[in-house]
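Every chain is named by a letter (A, B, C and D) in the order it is written, and numbering of its residues begins at 1.
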């Protein structure tokens, strides 16, 4: 072991020299090899966010195709086979390839910055996670392009998705895509938990963690507890289809509703996996644009945790018409309604913050206001569908379609768009356009409400979901045509958003380190941050480390500059524990992801893939973890 | 400098992505599964015009069958439709789950009239001696081809990826996609069923 | 923004051990994920059982010998594992090498016993839902034994390489030992479920 | 509540005609009426809450503010009070709505054992309906159309031989799934005579969109008359086209899948056609039953309902005309 001399420490080093040395050790080399082997959380996070938004655009195109087909009764633009693939793809894509990954991607980029560390925990796992996500997304979309896209709904109920009724490999592709995205989501969840637990800046005790970080911590635990259920479910489905197990075959002791229990035990927490990060984003934006901390920090944290716990007690409300015992259903009505209390608390705390603060109506804040208007409607219709008798009339109708778009688009996409406007200068070093931002907000807000509000009425008028057409004598054609036109407004808003994002990334006005006057640590470093995030780890002395007229940032010194080193701290008080090495760039996560991809796709076709396909995975994992004799291996 | 690095690595990254897309696209394109829900009437009529050798064994399908890509042997949707027809038209009452009964077994590796599609289609359409009825007036020609394709997969010794999986019924033998003929053969000899009558 | 140095970290250790290390927490998180998976498998088992009055379905309860031997062996294997863990804490390379070789051998035995457990179930995965869940539970746990065995073997090789004498490696041995305890601990409820619940 | 109802109804287009009524609002059966009251009540409460929240939001954002910088900490106390009160109010309202929901469930109740029981099986993509033997005569089978007597509880026994479907006639009752391997039941009751349309509400494959069912509620006398007709075998009229149609039906693949009682046709894969001419619609609510629509359907079922299990049988125009005439005659 080398005893490191003082010349390798940052303690007495001049700023320019320190930056030069840190850049040398932390930068991602240029070129294809560098891009493929980087483990920088900012590069991977940006890549993740971009990919997720590409999937959003593709999913949006699908919804426009559906609106085209539904604009008039008995239209023949798209046949039932393709339409079923399209709506399955839309749901699957938006849930598994957009909503969950984009929220986790924001965390990959922001959480290490917000807790004041230099890279995410397990950065190579992070790289692996991205490749798995990309491979899963490509698998699904390529399957769709070649007319083998899943056509069983994003929920893939057996027996329709089972061996007898789901011909071909369509349902297997869906189930295996689940495996890809769940592996990547679980990996990120572990990284976030460990980053938040062990890598917080000195002094960032539990009561000084930013709300966004809290929300991502709770979300990560939800991912860890909920996603195994869908892995169990999708694996059983593939086994049923490939090797003839009988999990879902009632004639041999299996059960059709077992699928629904497993799916919704994951599926309901999934909603909160998407929504809770948005709570964090809203809190960050509200605090910055009302010029005061969010009211009721403790209440907000408690509400996050309560929502996370309650999320596991609601799944049966997706099965109210499946014929379960009445008593059980009543319990789930009560628990489903109860979750409105923590959600209400959060809304009231934001309202109180706005009341007491001094609102600045910049684009990110506009999206938060839009979120409040829309999400409250979604929450209230959620209370309605929690009631068993109410649900028997609206379950699987356009009322529910309206409800969850109000919750997911209103509750998650609006905050996300606000968050993109808010953190874009940090991501790219450039501002997005404030003028276009207002137009975009206006178009999306108006387009969204005009598109989705009428769907409540359609549902009550008896229009079921997942139909590729309807008959002319049904009284739905007028509203459907109206909705289809409104969807064009919504799409125009998103198109303008993409244009603004691309334009701003290339030629937006340059951003300072802290353009909004925010108070969390990610704004303490330059925009965009250097590869090492912070030249010296910041030290936190309050909930808002950058509040007031801060001129000097308290920092810690003593880290080495000749290896990738960061600080680990204790879980509760965040007092420094060790100077830990952070792994350097590596191509092995990519090889491991390719080997895993090979095995997972092969196993759709043959059970032996699990045996033979594991060999390359084992080899790549050994290559990944085998020490290379670099300084980061030292201790 | 930093800007340049990131834009170059982004371009390289995009290139790699496109390459991956193309390769995977090629691989999956091979498994393309379009579903033809409505067969054009002229094509359906042409399916009936296959030629058979004088002894009723083997022959050649119509040209149009090749033109549409031999869907009844390789397409999962048609094979699964064939499996439903097997149940709906009561094939099981003589052939059981494929292991035979009053009629011959499909699983013993012995095709009385040969394993070719046209022979199976002819058996279903025109019937055969010793009790196999003609289904000419009970099924359309497309249905007969679907059923024939399915019957072929039951006895296949090399399981096809596109072959149907198990039904949601009681399990009597491994499903078609697992190669039941091979599994049962490995378990022990499957003799000629005594009731099935003399071979032609 | 100007910086003001308020803490000097130079005296901190260059690597965290135990709860101070990230990999310890990472291992814990993965154990939580897999533990949830095992718990769900047991829930599925009990759910299917609740639907079927005669349980096990169409099979005798599993033979106890192989499974019980394996259980006793696994419980006993915790002992050398604890020693290995302690030696790794002491960073005693020679003893850790001995311990790892021992644990590699210990990891192979359950795989051999497991080969006898599958037939002891008196059912195959494709016979009915009972067979399916039983095979999946055994298979799931076997995967964990296998993964840990491979990890132990790799660590053993590593400990005989030039990278051996390094606190980071000893930390890896600690995490590996913790994971083996997890593999043993998860087996106990599965054992109870597979072998004793059908006898209730 | 009355105004809320009037408002909602005014938004809705009045629905009638051959399709029959299909709406959760404007219900005509006891279970659905209970739910409709709950729907209107909850919508009213929730709308009021939303308006209150929006007023608060607007005021919070736009209210005039003192020119001094950040307010001192003392001003948080009223906010704490306000938030606590709002949370308490939320809890109370939620509790109230939960109780209202329980009482609605109780109000709907369960069908008693004396209720008329009809077994409905969901098939890809049509409804098979069995009437059990009763005091007035033996049981019979029909498809895609259920007749029920007005003012009487009817218990539907819901089963599925293939995939999950969901029986939903919104004007009469909430929906209930048909789950393979399980048997569910649903209470149906119509207060007024009429035609109530419903359709499958659980995604069930290619033709989920075209899987409608008609519930026809009629006076008890009319219902018994209808049931008596259904029990009879098919009667062939003397018309020569019809007789020729019957001959073609038996000679062609049609008879392999469909049953017409009183004839050799005994297939069980497709719907029972014994009295198809007397049903309002064909192909599970796809089109009204006329000779023309029958001919169009038989000639090319895969164009009208792509993916359904009825094959395109090649027929001459005469055969097609005759078979359509025969179908129409099966009243």
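Definition applied: a contact is a pair of C-beta atoms (placed from the backbone, for glycine too) under 8 Å apart; a residue touches a chain by one contact, two chains touch by 3 or more.
In this text the structure is predicted, and so the values were computed from the model without any measurement.
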So which chains are sitting against chain A and chain D at once?
B
Of B-D and B-C, whichever chain pair has more C-beta contact pairs
B-D
Centre distance in Å when chain B and chain D are each reduced to the mean of their C-alpha atoms
38
Length of the line joining the C-alpha centres of chain B and chain C, rounded to whole Å
44
Roughly how far is chain A from chain C, centre to centre by C-alpha average, rounded to an integer in Å?
31
Rounded Å distance between chain C and chain D, as computed from the means of their C-alpha atoms:
52
At least two other chains touched by the same residue of chain B: list those residues.
35, 37, 166, 168, 171, 174
Numbers and ranges of chain A residues touching at least 2 other chains:
79-81, 159, 240, 243-244, 246, 249-252, 255
On chain D, where are the residues touching two or more other chains?
180, 206, 306-307
On the basis of the stated criterion, which chains touch which? Give every pair.
A-B, A-C, A-D, B-C, B-D
For chain B, which residues count as touching chain D in their complex?
35, 37-39, 41, 44-45, 84, 88-89, 137-140, 142-143, 168
Show me the residue ranges of chain B that touch chain A in the complex, using the header's touch definition.
2, 4-6, 8-10, 12-13, 15-17, 20-21, 24-25, 28-29, 31-35, 37, 76-77, 79-81, 161-162, 164-171, 174-175, 177-178
Residue ranges of chain A in contact with chain D within the complex:
79-81, 84, 153, 157, 159-160, 165, 250-251, 255-257, 291-292, 295-296, 299, 321-323, 326, 330, 333-334, 337-338, 340-341, 344-345, 347-349, 351-352, 354-356, 358-359, 369, 372-373, 376-377, 380-381, 383-384, 386-397, 457, 459-462, 464-471, 473-475, 478
What part of chain D is in contact with chain B in the complex they form?
180, 206, 251-253, 255-257, 269, 300, 302-303, 306-307, 309, 311-314
Quick one: which bits of chain C touch chain A in the complex? Just the residue numbers, please.
1-16, 19-22, 25-26, 29-30, 32-34, 36-37, 40-41, 44, 47-48, 51-52, 57, 125-133, 135-136, 150, 154, 158, 162-163, 166-169, 171
